[in-house]
Structure formats: structure tokens, C-alpha cells
Amino acid sequence: MNSSERAAVLAEALPYIKAFAGKTVVVKYDGNAITSQELREALISDLVLLSLVGVHMVVVHGDEGEVDTIIDRLRGSHTSTADGSSEQAEAKGMVLAGKINKELTSLINAAGGKAVGISGLDGSLFLAEEINPALITDLIQSGYIPVVAALAQGQEKGSSQLLDANDTASRLAVTLKAAKLILLSNTVGICYNEADDQTLISELRLSVVGRLLRSRVIAGERAKMVDCCVQAIRRGVPRAHILDGRVSHSIIVEMLTDSGIGTMILQDYEGGE
Amino acid sequence: MNSSERAAVLAEALPYIKAFAGKTVVVKYDGNAITSQELREALISDLVLLSLVGVHMVVVHGDEGEVDTIIDRLRGSHTSTADGSSEQAEAKGMVLAGKINKELTSLINAAGGKAVGISGLDGSLFLAEEINPALITDLIQSGYIPVVAALAQGQEKGSSQLLDANDTASRLAVTLKAAKLILLSNTVGICYNEADDQTLISELRLSVVGRLLRSRVIAGERAKMVDCCVQAIRRGVPRAHILDGRVSHSIIVEMLTDSGIGTMILQDYEGGE
Amino acid sequence: MNSSERAAVLAEALPYIKAFAGKTVVVKYDGNAITSQELREALISDLVLLSLVGVHMVVVHGDEGEVDTIIDRLRGSHTSTADGSSEQAEAKGMVLAGKINKELTSLINAAGGKAVGISGLDGSLFLAEEINPALITDLIQSGYIPVVAALAQGQEKGSSQLLDANDTASRLAVTLKAAKLILLSNTVGICYNEADDQTLISELRLSVVGRLLRSRVIAGERAKMVDCCVQAIRRGVPRAHILDGRVSHSIIVEMLTDSGIGTMILQDYEGGE
Amino acid sequence: MNSSERAAVLAEALPYIKAFAGKTVVVKYDGNAITSQELREALISDLVLLSLVGVHMVVVHGDEGEVDTIIDRLRGSHTSTADGSSEQAEAKGMVLAGKINKELTSLINAAGGKAVGISGLDGSLFLAEEINPALITDLIQSGYIPVVAALAQGQEKGSSQLLDANDTASRLAVTLKAAKLILLSNTVGICYNEADDQTLISELRLSVVGRLLRSRVIAGERAKMVDCCVQAIRRGVPRAHILDGRVSHSIIVEMLTDSGIGTMILQDYEGGE
Amino acid sequence: MNSSERAAVLAEALPYIKAFAGKTVVVKYDGNAITSQELREALISDLVLLSLVGVHMVVVHGDEGEVDTIIDRLRGSHTSTADGSSEQAEAKGMVLAGKINKELTSLINAAGGKAVGISGLDGSLFLAEEINPALITDLIQSGYIPVVAALAQGQEKGSSQLLDANDTASRLAVTLKAAKLILLSNTVGICYNEADDQTLISELRLSVVGRLLRSRVIAGERAKMVDCCVQAIRRGVPRAHILDGRVSHSIIVEMLTDSGIGTMILQDYEGGE
Amino acid sequence: MNSSERAAVLAEALPYIKAFAGKTVVVKYDGNAITSQELREALISDLVLLSLVGVHMVVVHGDEGEVDTIIDRLRGSHTSTADGSSEQAEAKGMVLAGKINKELTSLINAAGGKAVGISGLDGSLFLAEEINPALITDLIQSGYIPVVAALAQGQEKGSSQLLDANDTASRLAVTLKAAKLILLSNTVGICYNEADDQTLISELRLSVVGRLLRSRVIAGERAKMVDCCVQAIRRGVPRAHILDGRVSHSIIVEMLTDSGIGTMILQDYEGGE
């Protein structure tokens, strides 16, 4: 690529940078999609860069299978964790907050970002059904990237319980009045025909979503993700995206170039980006 | 106790409250001393109350045997953890940051405080030998009680390593220009005769400490704690205390009444409190 | 009292300290009740301490017999001052602002407080029926304890007139949006039977007050004080208290312990403290 | 006077207004000079006006004979007050702070200024030989004109002692880093021949002052005033003035027109105004 | 004029100075009236002085014949400029912004003011029919005197067009919520009989203006000026003045003395100044 | 170019954006190089974009032949302007400030920037040999792009004189503590052999510059530009660049990509960019 092409890309990106400066973007990390070291580094680079130009990035992560693997490795045996005992839940919470969260935080810091790993137990962030965002807004104001483990205070004093990460990200986006909710996933986005990536729906209006869910064109895991997006849009988040976490730099491409990728969900009456 | 006695206690306490307002106090928590539910609640009440009247409380905790117990319980077997393999270290870090830290944080929040559990991996707090206190000062400024797991970033990207909690508390106190370092312990303080609590030394000047260490009057674990205090005093912390964590409300008694308890270590040329 | 009892008193007090921090409390001083040197010192100690922990204390005082005594002493004769001539009024104003006010101010300063003696003639504080609180709020913001002589600008340029101190305190509490009005008096509080201190009414709701006044259960001087409290409550001050100035540290006991003393007057629909 | 002459006066004044904006000027009031109602009103008008355009005016007053008159009037007899008993001193302090100070304050407020009457007993303003100007600077910052009674805390708790007003004004000017010290007096200024106003010295350099004092050209009361000016100049006040209080608007003429009046005392090496 | 007369003028001026402090006054400069060096210097002195005492002065100027003279001088010939070609307009804009504006700015700066010459092309000040006052308010906030050439962006990119200076001043006064609009002119003001200066109307109410315009008592150039004043008053500017630019210091006489000059236009229901 | 290539360009640019955020960059515009409409639009786009992401852009321009052309066109004849009469200088200043400056300003505003055209006559910017940068820093703080005509106040009141634009830009960069000085020119940069663009020197250390100037490898106009860069570097500007104004987007390529263009001049002991 020559200098003039580079200049063109930059000229295209800069208005977006300006538009998002000072805005909050909530990203749901997906351990199932971001499986290679390379993908993870690209993602972390995107987070750090966007943070550097003034976008307030908030990362949410939950348990996508990694937790069981780690517990098994720790135990030295492949045991079923299906029993759902309170001890199991405790172990899972510990792995989420003590391992996955700290690792992600630590990698962002190593890449030059300023990340702080927290969970719903810190600063009374998630209390029962309510979100108390003061800790996150305080961290954002001080320039940190909060990395939030989807974990809430449990019923018993000092105990914890796991939350759904997509739902948590959606609710955080609403509470933080985010400009954007991005759910990373291991799909190209929402397709008319799940088996055919060519049928990707780039832009999905709220009024269409209901029909597609009722007719079960969107179903299963994808329906859950779409629902989280719908909740966010209905409660004031302008844009929600389902992006392919398996594509390198998908966040930066979506946010800073004219070519959107994945599926964007938005209100009926607003124009696309 | 009648009203006038209560008034007398308050009259005695208020100047201390004023003196510590806006000052930072670093407390090293000790899981071995604070074994009962009642002691833990008294301690948490002290932390919350001091925080409420404007003292910036910072709590540091490490691994005092609890970690192994938890790992064993998780594994369902009592196995030696002495091999020190990197996997062991990883498991320990996870328990520290994901369980002990979150539990303490969660209990403080439940008692009406505003605690945030962090570790050396957050905000690049502990980098190699250096402490970068920005995250803690940011949290303090926003009114939070940082609960710090004595854990640093490891050599490998994303890995972690355990730190000594007394030493970490001492170094944090220096970096934060704390007014006080309090090491909770399961002893009454430093005694001339370790076996006889009646020989407790209430006030220990720096010049005396060297002699007592060389003559091995102070030795073993207690020598290590004293050394952490000495380092803090030498680098500018005005007062360091070794308090009995097994005594209910020992922090509040030390900080807000005329009757100090435990051992206070201070410069040669300064007066006692 | 042992350490653990002291800790209990402090644990009880600290939430009150927090609750009153940054709030304004107006105290009407009573020269008839505070007759001994010891009582006066205890009161001044309370004012200074509460000010130290961040409560904005405002003291109001008037003429409770002392003024005549001073004028008589000055004149070297015991003359009737009942004629109420303008010269008499002038002399009284001078004694109030130039002697009683300055003495109180000076004693608070000597005890480590930061007091400023003012009267209604300063900063156009009391203009006719209006209160212009800018000077008091300015002093409070700068950390001073305003000691206010109940004296207003007179009809003639440069002249002054005496005000009722209870009424002035009540009106100031309203204007300053105080959290509390405290009228010190030489009674235990309001009693069902004025002759029997055992019949003290600890808590008096607005709806009950009217009945007690109409039935003349509360009458005379006490009725005037109660009326000042009622006016303050009706116009937004949450709590008004009639405390016994003859009891040492009565303010601190009322404000920082669970055991209220004297009579507290409050709205019908609110809970007690 | 026609419009163009008025414009010329204003054009002349405005640079002075600008030059003094935000600066502090200490004025010693003189009850012996300002004897008529008209003079007093002109003076108060000057103070208010200068304050309105942003000059920080501070007024100091003491006892110039009025105190005795008032005490006598109060007593209904003309008694000698020469005994200097402590009771006498107390009475004088009371008159100063409670009558003269309040009257002056009240008149300034009536003329549209914002005055606060204080004395050395307020805010620990004068402690022994030291001046603690925080209260005055706080009042100035809030836009008030402090009217200061030359009265300090006495040896005994709660007692007071009279200070020399010229000396107090001089010391206040130094502490407040005033731009100007103005001593009002009942003379035209300093003259070579005290009996002949035509011999007025308009400008007096420090080096000349010593000679004139030693040769007793300047003596008596005038020497005391000159000495107060000299102390102020030596300790950093740029200009000190002895003005005739019997001339209407003498302050405004001195400060806002090219034609200085009275005697100005200044450093050797600096130019006149 | 003696000192006491000077003091009287100042005493009269100071309340006006206070009243206008922090307020904005828009002055339309008139090159036809201010023909001598002396008049120009008096005007500039007025602007600088009013700016020094805190009035936010904004100067607007247009083309009153000077532009043609300059172009002719530049061309070395006296050519008709009546053709109104776009090249002509361009030349005029250039002279306005590059010569008249810079000269005025430069003279104010030389007299000790802080002036910045701008035009409607700077900071998108005049866009089509809209005024975007951010640049002027920013300059005012930083203490500058904006000198505004009545020039707007033209239809073509980079081109400019001349505006009517009276109308521009009027609209700026409205947008800036000015306290006063002053149109300098080469008349004594508005007269009942244009030929007789003795018939000057000092104060003109809105309701009267309409009648005088309809009956053509006010006509021609003067009607245009009056109309600009009327627009300003109707849209919230409290006072509009037509002053004689040929009278030295007319602005300062109008603004800072009791004797207004020229014609003041104001609402029906408000009192005069 | 595909998405991943775009992402790569952005990833490369963002650290530079961050590094320059809040920094000042002074650009000397060159009318001889930027001859086409397209080049001018690309340059203006670069200025606006850099301004949007927080770089404080300051543009300096002078007279590069355009002035004479405009004057000739205005005069309708091709006359020699070599006589250098004061009238000529005046005409030139007028064209610079009233035409070239306003045009550039107007174009930046039309492209969405916030530009203000000023000259050395505004805000006393250039006084004799001194630069008083308050006006520029005020404008920068308010978010404007100052477009500065290289024009200073002349000897006579109200007159002006032309300055060398390269030199003015260099001095402004020093005074504003700019991070970068960029001189646009109609050359590729500095070459060993002026006739051969292939001999371009990308990076030039101060110690080498002297040698190249003395040996006349760099001479003529280029020597003057290099000298302006050297002066800036010596007085604290970290980087100075001579860029080819004839290359589209040369500023953005230099500032936001890894591939520098033109010649960069820097200190001996510092690393390249």
C-alpha cells in the first residue's frame, strides 16, 4: 500500500475517531471465538488503540467453557461439573475472577493499556437485579479500561454467582449510556440461513427482529444474543453489533472504517451508520 | 456506661479522627489471626467506620495457609503443595485474587463500605520491583477502599506470582506516603520474651530495633514483620504498628483512643503518639 | 472503662459523625443555664470538636440577664433598666456585641476552634424581618464558627435593636437549611408536669404540640421555646431540640450517641432519630 | 462642569481604577477628624465606591476619645477614666467592638457596601504580637469590607486589650501585602513648620524621614504616625499616606486623580505616583 | 477644576462602571464621523478605558466611503466603482479586512488595549443569515476587544460579501445579549427637525418610533439607523443609542455620566437611564 | 484495499494520533507549491482532521508572489512593484491580511474546521522582535486553528510590515513550544544534489547541517529554510520538517504513518521518529 492509499484510509477513519471520542463502548469478549494467540493480540491491540484515542472501552467476559477446562486441569481429572452444587459455583466464580479476568487484564496492561479487572462483587457493582455503575464510571474517568467478570454477589454473605455475559454487557451498555454494544461471537453475524454465511444481514431494524424471531429464522444461541441487543436498543443504546470474533481486528474495522462488518441492530426510525 | 462516660470517650476520639482525616493507612490483613466470624465482622466494621470519617484505608492480603486449604477442598484431596510448580503458583494466584480477595471485598461492601478488590495485575500496579500506585490513588480519590491481593505479574505474559503480604503492605505504605502501616498478626505484638505477653514492648525506636534483632531477642516471623515496619519508617512512614488481630476492634482502639495497643515502631527522634 | 467498651462507643458514634458531616447545626447558647466555668468549657469543647469533624456549627446568643448585670457593674449602681429608653437599648446592644459575643468568640478560639463574632449589623445579616445569610454561609464555607449576637439594625441609621435569641436561632436554622436546631435551656426539656423532671417528653410530634399548647400543659417560657422549634420544623428543619444546658456535654451526647436527651420535636410522619 | 470636562476627569481616573483593582488598601479611620455627618458620609461613599470597582478596602479604627465620652454618657457622670483598671479596659473594649465598630459597619452597609465588623478576638486575628490574617483575607475574597476594631485578646481567657490603631493599620497593611496604607488624621499632612499648612511636604522619601525625626522637625503625634508609615514602607508596602480626614472625599481624590493630597511616604529609589 | 469637583464626577461615574462591569456593549464605528486624528484617539481611549474597567466592548465597522478612496489611491486613478462586479466586491472586502480593520485593531493595541481584528469569515462568525457568536464570546472571555469587519462568507467558496455595518452591529448586539448598542454617526442624534439640532430627541420610546417613521419625521439614513436600533430593542437589547461621533469622548460621556447625549431608544414600559 | 489492510493502517496511525494529541504543530503554508484546487483541498482536509483528533494546528503564511499578482489584477496593469515604497508595503499587507488570509481561513471553516485569521497586528502578537503568543494560545485553548499572516506592526502608528513566513513560523514554533515545525515547500526536501530528487536526505542531524551549509551543498532558498529549522531545533522544538507541498496529504503521511517523507531535521543526540 502506498502513502496516498494510507492517507485515504486515515482520512476516512478520523471522523469516526472524533465521533467516538469520549463515548463509551461495551464489548462482550468471547473465549470460544478468540482461540488463537494472534486473534487475542489483535483484539487487545484494538482495545488499547481505541482507548488511546479517547473511546471509553468496557470489556465484559463470562464463562464460555474455559472455566470447566481450568477446573479440570486443576483437579487433574475430567469430572462432570453438571451437578451445579454451590461448591461448583464457587469454584467457577473463583476461576472467572481469579484467572480469566486477571489474564485478560494483565495482557491489556502488557500491551500498553490501563486495564483494571473487576467483578460484580467490587464496589457493589451488581446488586441483585440492579447495576450500580459508579465504580465503572469512576474507572473510566480515571482513564482505565474496566474488564468486568460477569459475576454477582450471591445470596449468602461473601458468596458469588455467575451471570450471563451477553446479558450483563447489554445491561451495562444501557446503564452506562454507551454509544455502542458489541457482542463478539463465533459467527459471521446474523444470517437468514444460519448455514450460509452469504445470507448475512448487515443491518437489522427493531421492527424486523420480532418477525425473524417469531418465525424462528433467528433461533438458539443467536436468538439470545439478538435479544440482548434488542434490549439495549430499546433502552437507549443507539447501536448494537454482533461481530465475528474470529476475524482479526473486527472491532476496529467496524468502528473506524466505512465498511461495517457483522450485523448491526438499530431502531426503526434511525439511519444506518 | 452512662452518657457522660460516652461523651468522654468521644471527646477523646475526635481529635484523632480529625488528625487522620484525608490520611492513608495501610492495613495488612491476617487470615491466621482473624479466624472467627465475629473477629472478621469487627475488623470490617472498623475499616468501614474509619473510611466513613475520611481515613483512606488500604487493605493488603496474601496467602496465610488458606489458599492451600481451598485448593485441597477443590481437589477433594489433601495433597502436598510444596513442589512449587508453576501450575501450583497459578492455582494459588487464582485462589488469592478470585476467592479470598473477592470475599473480603464483598463483605466490606455488604457492611456499607465501598471496596474494590484488585491485585498487582490491575492497572500495572506492581511491575517487577516497582510499585505504580496510580490505580490505588485513583480509587482512594473516588472514595473506595482498595483491597489488594499480594500478587504481581509473572515473567510470562498473562501469568502471575505471589508476593509477601507484609512486605507488599510496607512498600505500598511508603509509595502512598501513608500516615500509618498496620500489620495485623496473631501475636500481642513484639515482646522481650516471646513466651510472655507481659513483656510486650509498646514503643520501639529504630535505634533499639537493630540491637534487638542482632541479639536475636526478636527473631523468626516476628523479625520479618519488624523488618517490614523498619523499612517503612526509614522511607518516611511516620508510624508502623504490629497489632493483635485476635483482639476485637484492635484497629479502632489503636487509632481513636489514647490507649495504644500492640507494638508501635517509630523514628528515634520523634515523640510517641 | 476498658478498650473494648471505648471501641463500642466509637462504633456507635461514627455513623452520626458521617451523617452530620457538611450539615449545619444552629445552637442557641443560654447564659442562664451555662453558669459555671466547667459547663462553659464542656460546651465550647463540644462546639470545637463537632466543627473539627466537619459539622457546620452556628451559635446564636442573646441577652439572658447578663447584659443588665454588666451595665450595672459598669455604672457602679444597681439601677432599673426597665425604662426601655433608646439609650438603654443602645447600651444593651453594645454589651451584647462588644462583650458577651466577643468573650464567647474568644473562648472558642482559645480552645482551638475558628470562631468569628458577628451580629445582625454585619453584612446586612438581619434587615428588618428578612435574613440575608450570605455572610454566615461565607464564613461557614471558610471553616469558621459564626457566633451571632441577636441584634439587628435599628430604625435610625447606625442604631441597633435587640432580638429574641430563640426566635433568631429558629429563623437562622430555616434560612441556612440547617439539619438541626438546638435550643439550650435551664430545664431538662419539655415535661408533662413542669415540676416533675420524670415526666420529660423525649419526642414530640407536631400534631401533639398544638394540643399541649392549647391545654396549657406547655406554657410560659417553655411554650415560647417550643413555638420556635415548631416554626423551624414547619419550615423544613428536620429536627429541633430543647436540651439542658446545665448537663455537661449535652450537645455531643445528643448528636453522637444512641441515647438522645432533652426533648426532640419533629414532623408527624417522620421516624425518630 | 461640562461633559467634556467630566470625560477628562474620568479618562484620568480609569487607569488608577485599573491599577488598584484587586489590590488591598488599608485605611485608618479617625474619629477626631471625621466629626461631621457630612464628612462621615463622604468617607463611607468613597469606601463603598472603591470597593465597588474592585479595590479591597480594609478599615481599621481605634479609640480617639469617643470611647470615654460614650462610657461617661452611659454612666451619667463625667468620671475620670485615667485609673486604667482592668475593668476600665474591659469597658473600653466593649465600646470599641460593640458600639463604634458596629456603627461604622452598619453605616457602610446602609450605603450599599458589604461590611463586616470584626476585632482581634475574631478568628484569632491578633495573637500576642502576631497577626493571623486568614479571617480578613477570607472576608476580602468573599467581597466584604472588614472593619477592624484595634482590639486584641488579653492575657486572661476571654479578656481583651486595646491596641494603637495607627500601628495596627500599619502592621495589617504589611501582613496583607497592601498596595497602600492610608492614615486619616486631623492635619493637612506633614509640614516643615507644623503651624503653617503652606509648608506641607507632598512626598517624603525614607532617607529624609530619619533626618526630619532626629532634628525634631516632625515630632509628637505626627512623628508616631510617620513612624507607622515608615514601618510599613520598610516591610514592603509601596506607598503610605497621611491624609486630612477633614477634607471631603480625600481618599478618592488621592487614589483616583493625578492630584495627590496630604503627604505620601515612599522608598528612596522609587518614583512618585 | 478643583479636587472636590473631580471627586464629584468620579462619585457620579463609579456606579455606572459597576453596572456595566461584565456586560457587553456593541459599538458601530463610523469612518465618516471620526475624521480627525484627535477624534479617533479620543474614541480609542474610550474603548480601552471601558475595556480596562471590565466592560466587554465589541467594535463593528463597515465601509463608509473609505474603501473606495483606498482602492482609488491604490489604482492611482479615480474610477467609478459603481459597477458592482464581483471583482469590485472582492477588492472592497480585502480593503475592509486587510486595511481598515487592521488599522483600527493596531491603534487600539498601541493604546494599551487588547484588540483582535476579525470578520465574518473567521470562526464561521456570519453564516448566511445566522450569527454564530462563539468566536466573539471566546475572545471576550479571554479579555480581547473584537474589532469586527462587516464581511460575510460569499456564495462561492473562499469569496466574501460586504454587510451593512449598522445592521450587523444590531444583530450582533442581539446575539451577544449586549446591554447596549451604540451607533456612532455624523449627526447629533435624531431630531424632530433634521435641520435643527435644537430639536434633538433625547429619549425615544418604541411606540413613538413607528409614528415618527410613518409620518416621515425620521427618514433616509437616519431612518435606517433607527430601524437597526428598533430591531435590537425588540429582540432584547435594553438600550440603543445614536451618538455623535464628531463629539470627543461621546461614548464615555454617555456611559459614565448622568448627562446622556444623542438619542436613546428604549422599550415603552421601561424607565430611562 | 481490504478491511484487514485498512485495519493495519489504522493500527499504525493511532499511536501517532495519541502522541500528538494536545501538542502544537506549526505549519508554514506555501502558495507556490499548493497551486491546484485539489492540493489545497487535501491540505485543508489534513489540517481539519488533525485538529479534530486534538492536535493544535497553527498555520503561518506569507507572500509568495500571489500578492503582486493580486495587486496587479486590482490595478488592471502589470506594473513593477520593486520600488518598495511604503504605499506598496501597505498594499501588500492589505492583500496578505485581507485576501490570502481570509480565503484560507474561510476554506478551512467551509471544510468543517474552526479557523480564525489573524496577523501580527492582532493582540499585539508580533511586537518588534518579540512574539507575544497569548492570542494564539487563547485561540488554541478555545479549539480554533489560528491562520497567521506574517505581518507585523510597522514603525508608524497603524502601519504594517511584511515578515518572512518561514522565519515567522520557526519563531512561533519556538514560542509556542510546538512539537513540530513543518515548512511546506515546492521541493521534495533537502537533497545532496539539488537537481536529483533521488539524493533526498530523509534525516538531517544538527551537526551535519553546519557542514552541508558551509560546503554549500545546501544553498539559496533551501539554505534559508534549513536555517529556520535549525533555529527552531536549537531553541527546543523537537522536530522540524521540510515537506513537499506538491504531494497530496503530505502532512498526514508524515505525521500519522511510519513512512516519513521529505527531510526531517533534529538534534544530534536524539533518535529519529
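When the chains are written out, they are named A, B, C, D, E and F in that same order, and each has its own residue count from 1.
One rule holds for everything that comes next: a residue touches a chain if its C-beta (ideal position, glycine included) is under 8 Å from a C-beta of that chain, and two chains touch if they have at least 3 such contacts.
All figures in this text were calculated on a predicted structure; none of them were measured in a lab.
Shared contact partners of subunit B and subunit F comprise A.
Set against the Cα centre of subunit D, the chain with the most distant centre is A. If you match contact pairs by residue number, over half of those in A-F turn up again in just one of A-B, C-D or B-C, and that pair is B-C.
In terms of their C-alpha centroids, the spacing between subunit A and subunit D amounts to 71 Å.
Between the CA-based centres of subunit D and subunit E the separation comes to 44 Å, rounded to the whole angstrom. Work out the mean CA point of subunit E and of subunit F, and you get 36 Å between them. One finds 59 Å separating the Cα centroids of subunit A and subunit C. Of all residues in subunit B, none touches 2 or more other chains.
Round the ring, the chains follow in the order B, C, D, E, F, A when counting starts at subunit B and proceeds to subunit C.
Against subunit A, in their complex, subunit B makes its touches with residues 71, 73-76, 87, 90-91, 93-99, 101-103, 105-107, 109-110, 114-119, 121-124, 134-135, 138-139, 142, 144, 151, 153, 157-160. Touching subunit A in their complex are the following residues of subunit F: 1, 3-15, 17-18, 21, 45, 49, 52-54, 248-249, 252-253, 256-257, 259, 261.
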